[in-house]
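Below: one structure, written as structure tokens.
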Amino acid sequence: MLDKNGIAKRIAKEVQDGYYVNLGIGIPTLVANFVRDDIEVEFQSENGVLGMGPFPFEGEEDADIINAGKQTITTLDGASFFDSATSFSMIRGKHVDLTILGAMEVAENGDIANWKIPGRMVKGMGGAMDLVASAENIIVAMMHTNKRGESKLLKSCSLPLTGVNCVKKIVTNLAVLEVTGDGFKLLERAPDVTVEAIQKATEGNLIIEGDIPEMVI
Amino acid sequence: MINKKVDNIQQALKGVEDNMTLMLGGFGLCGIPENAIAELVKRNVKGLKCISNNAGVDDFGLGLLLQGKQIDKMTSSYVGENDEFERQMLSGDLEVELIPQGTLAERCRAAQAGFPAFYTPAGYGTEVAEGKETRAFNGKMYVLEHAFDADFAFVKAWKGDSAGNLVFKGTARNFNPNMCGAAKITVAEVEELVPVGALDPNEIHIPGIFVQRIFQGENYEKRIEQRTVRKRD
Amino acid sequence: MLDKNGIAKRIAKEVQDGYYVNLGIGIPTLVANFVRDDIEVEFQSENGVLGMGPFPFEGEEDADIINAGKQTITTLDGASFFDSATSFSMIRGKHVDLTILGAMEVAENGDIANWKIPGRMVKGMGGAMDLVASAENIIVAMMHTNKRGESKLLKSCSLPLTGVNCVKKIVTNLAVLEVTGDGFKLLERAPDVTVEAIQKATEGNLIIEGDIPEMVI
Amino acid sequence: MINKKVDNIQQALKGVEDNMTLMLGGFGLCGIPENAIAELVKRNVKGLKCISNNAGVDDFGLGLLLQGKQIDKMTSSYVGENDEFERQMLSGDLEVELIPQGTLAERCRAAQAGFPAFYTPAGYGTEVAEGKETRAFNGKMYVLEHAFDADFAFVKAWKGDSAGNLVFKGTARNFNPNMCGAAKITVAEVEELVPVGALDPNEIHIPGIFVQRIFQGENYEKRIEQRTVRKRD
């Protein structure tokens, strides 16, 4: 079973040389820490920066340079700043190669719900609806079950949707799964996690073909 | 050059009245029109409909207007950092329209550019698209969204000149350029008002034609919401 | 009767302090020469410049700084350069206050034809269709009649249209006219031109109310 | 940074084939991708569909491709300066689609930004709108226009770096930024290729994400169409 860093590490392996990547808040943010050094990747933040670097050294924070999580950041050589309309041109125009975001629920048809729980204070979708409606390569990073132990991989989402038919891959604490349209195709097991345990934690249709290898992280 | 410079904040906000629709630039607290917000608080105009990506924090940014119950409606994409906001929303005092961030940006740009409406994929199949026209292009579904219609746009730039030309800094740019010229009157406050001719015409982010009034701002606090740093090795 | 410079001089009086102005090719270009010195006006060219100045001194031409007529120009302090989409945002978004352009025909409902003559080589509409479809303040600068002596102020246009119901005012070698919807309302006569001569040269409905003053240029 | 630099013009145009749709930046002869055009002539690719505001003059710019009868169709707003163009058009060898200049710019921008279609007032009530959907918004009529779909965009910038970031100069900017990222592959040629980090991130006109290939151009002629000057007093 993986912890949050483990999920981020596994997802980092999906990041390829030459990719522009948009990382959501939470586990996705951690992915940046685990991307291989020998490939070139640029991180886009939808508030208007491409080529994000690490956090600034103490005392070097600039209130005018933040990421979409409102954190102070730095930029790397070759970075650029732009307005919000241009930022979403990058996203909507499919110039961003990979979007990694968290979810409350994913359905076996690729629907995703991650912005609203009826009855609770709704903070808003931010850029998530633009990202999931546009990206061709969306990976969801999340725990396989919620705090009550209920599956987050469902036949159909119960929460208000963020986007439809859009998630392509899911990496959880238990498994890597591909969203096929027919169901969640199990690709890899987390270390020391059985197929049976994954089956038990998956409400939606789980497709198991042949031997399921254990993840290599 | 046509002179857009006004002498003070009072002139800059001349004509702002109760129940108007205002656009305010900024992402979180980054790049917000601090001077305009302070003056709106001072004037205590009421019943405002505000279009802004976020709603400030409890004691800064648009949160200051919420404290005075000056806002009737917020159109935003994310409003998570504000307890007063939550109270007013749950009590029904504050109407909230949450829309996708890219849609928010483009509805500004459409107003600026004279497009009445556009088709975007964002929100298709979700409650955001309820009651809206949807349509397929090349086998993909899109939602028809409309240009905003606002009375004033308040933006904050880094540098500007009295011709209204603006240059923004870093991610404080965000929605500010898209809101220029997107309302009947655009008011720009700048950290540094430079002489006409000091800005390289090639490096101007927003030409003065999109700005009706400009003034030198004061006392910028530029508060940081999430101060994140790393240790030196 | 006015010559081309006379028409430009009369139109220059319509240019008010604080106006952003787009000038078409031909007579409209001449208007810039006659705008009063004591008002502030900025000229926009749709190829991407605001704040155009005079032509450069010989030897100071810059191939990268031209107007929409492809002429080398200079810029004034406070000028800005921008891309074509932004340029037409200024035009379509009604940020340009006054558009002055030439025409082959204007109809009494404000229709304008100025881009195409069937049977002849068509060069294209350039930015004219965007300008006439968007501007709220359009002045046409043209001769009252064509080379064959036929009226260019018509009941309806015979040539393919550039835009509909858009022209507000016309300044010709004979007169200043307002387009009212009911017809061309005669506002001023050119020096030494009679109302009868204007009537004779106007095919569309000419509205004559009271004494028609002579232009003051 | 992701490296977009290619070593030479041959690599820059790799994959260009007969019958493709190409976007080419420039207004008149100002800001045209001279190197790319020269290589297209050299390769003698045929049946091209070109999207460009103008069609060059007889012996320069796109006129060079017309001379070799390499273009089957031009989509432009103004094509007035070219006798060869006229001959081929009248003989039926060249298909010409004339569209309003603002519509041309926005169809590029729509492709870049992922909008399938937009409503514009330009051309309503004219033959440009024939066969197209029209629609009223707020009592005014608009025409539905669609994003371009092109294989390659060739643009020319002033400065650029190997991350693909671009800065344009003066009115040589024109359609170039709007075409970046508006085709499957965008190829930028620059007068000056500078080291990554040399461009101020605040002053970049086009972020590298919109550019797939970049190279240092050579032998720019930058011909002036209408040399207009005034006398010194």
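Letters are used for the chains, namely A, B, C and D, taken in the order the chains are written, and counting of residues starts over at 1 for each.
Just so we're on the same page, a contact is a pair of C-beta atoms (placed from the backbone, for glycine too) under 8 Å apart; a residue touches a chain by one contact, two chains touch by 3 or more.
On a predicted model such as this, the values are computed, not experimentally measured, just so you know.
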| item | value |
| --- | --- |
| Maximum centroid distance from chain B, chain identifier (CA atoms) | C |
| Inter-centroid spacing, chain D versus chain B (mean Cα positions, whole Å) | 33 |
| Whole-Å separation of chain centres (CA-atom averages), chain A against chain C | 55 |
| Approximate Å spacing (C-alpha centroids) for the pair chain B, chain C | 36 |
| Numbers and ranges of chain A residues touching at least 2 other chains | 49, 81-82, 85, 88, 91-92, 134 |
| Multi-chain contact residues (two or more partners), chain D | 106, 109, 114-115, 120-121, 168-170, 201-202 |
| Contacting chain pairs - touch in the sense defined above | A-B, A-D, B-C, B-D, C-D |
| List of chain D residues in touch with chain A within their complex | 1-3, 109, 111-115, 161-163, 165, 181, 196-197, 201-202, 204, 207-210 |
| Complex interface listing, chain A residues touching chain B | 45-49, 54-73, 81-85, 87-88, 91-92, 111, 121-130, 133-134, 160-165 |
| Footprint of chain A on chain B - complex, ascending | 27-31, 53, 76-81, 86, 89-90, 98, 100-106, 108-109, 120-128, 158, 168-178, 205, 222-232 |
| Complex contact set, residues of chain A against chain D | 18-20, 40-42, 44, 49-51, 75-82, 85-86, 88-96, 134 |
| Interfacial residue positions of chain D with respect to chain B in the complex | 106, 114-121, 137-138, 140, 142, 146, 167-170, 201-203 |
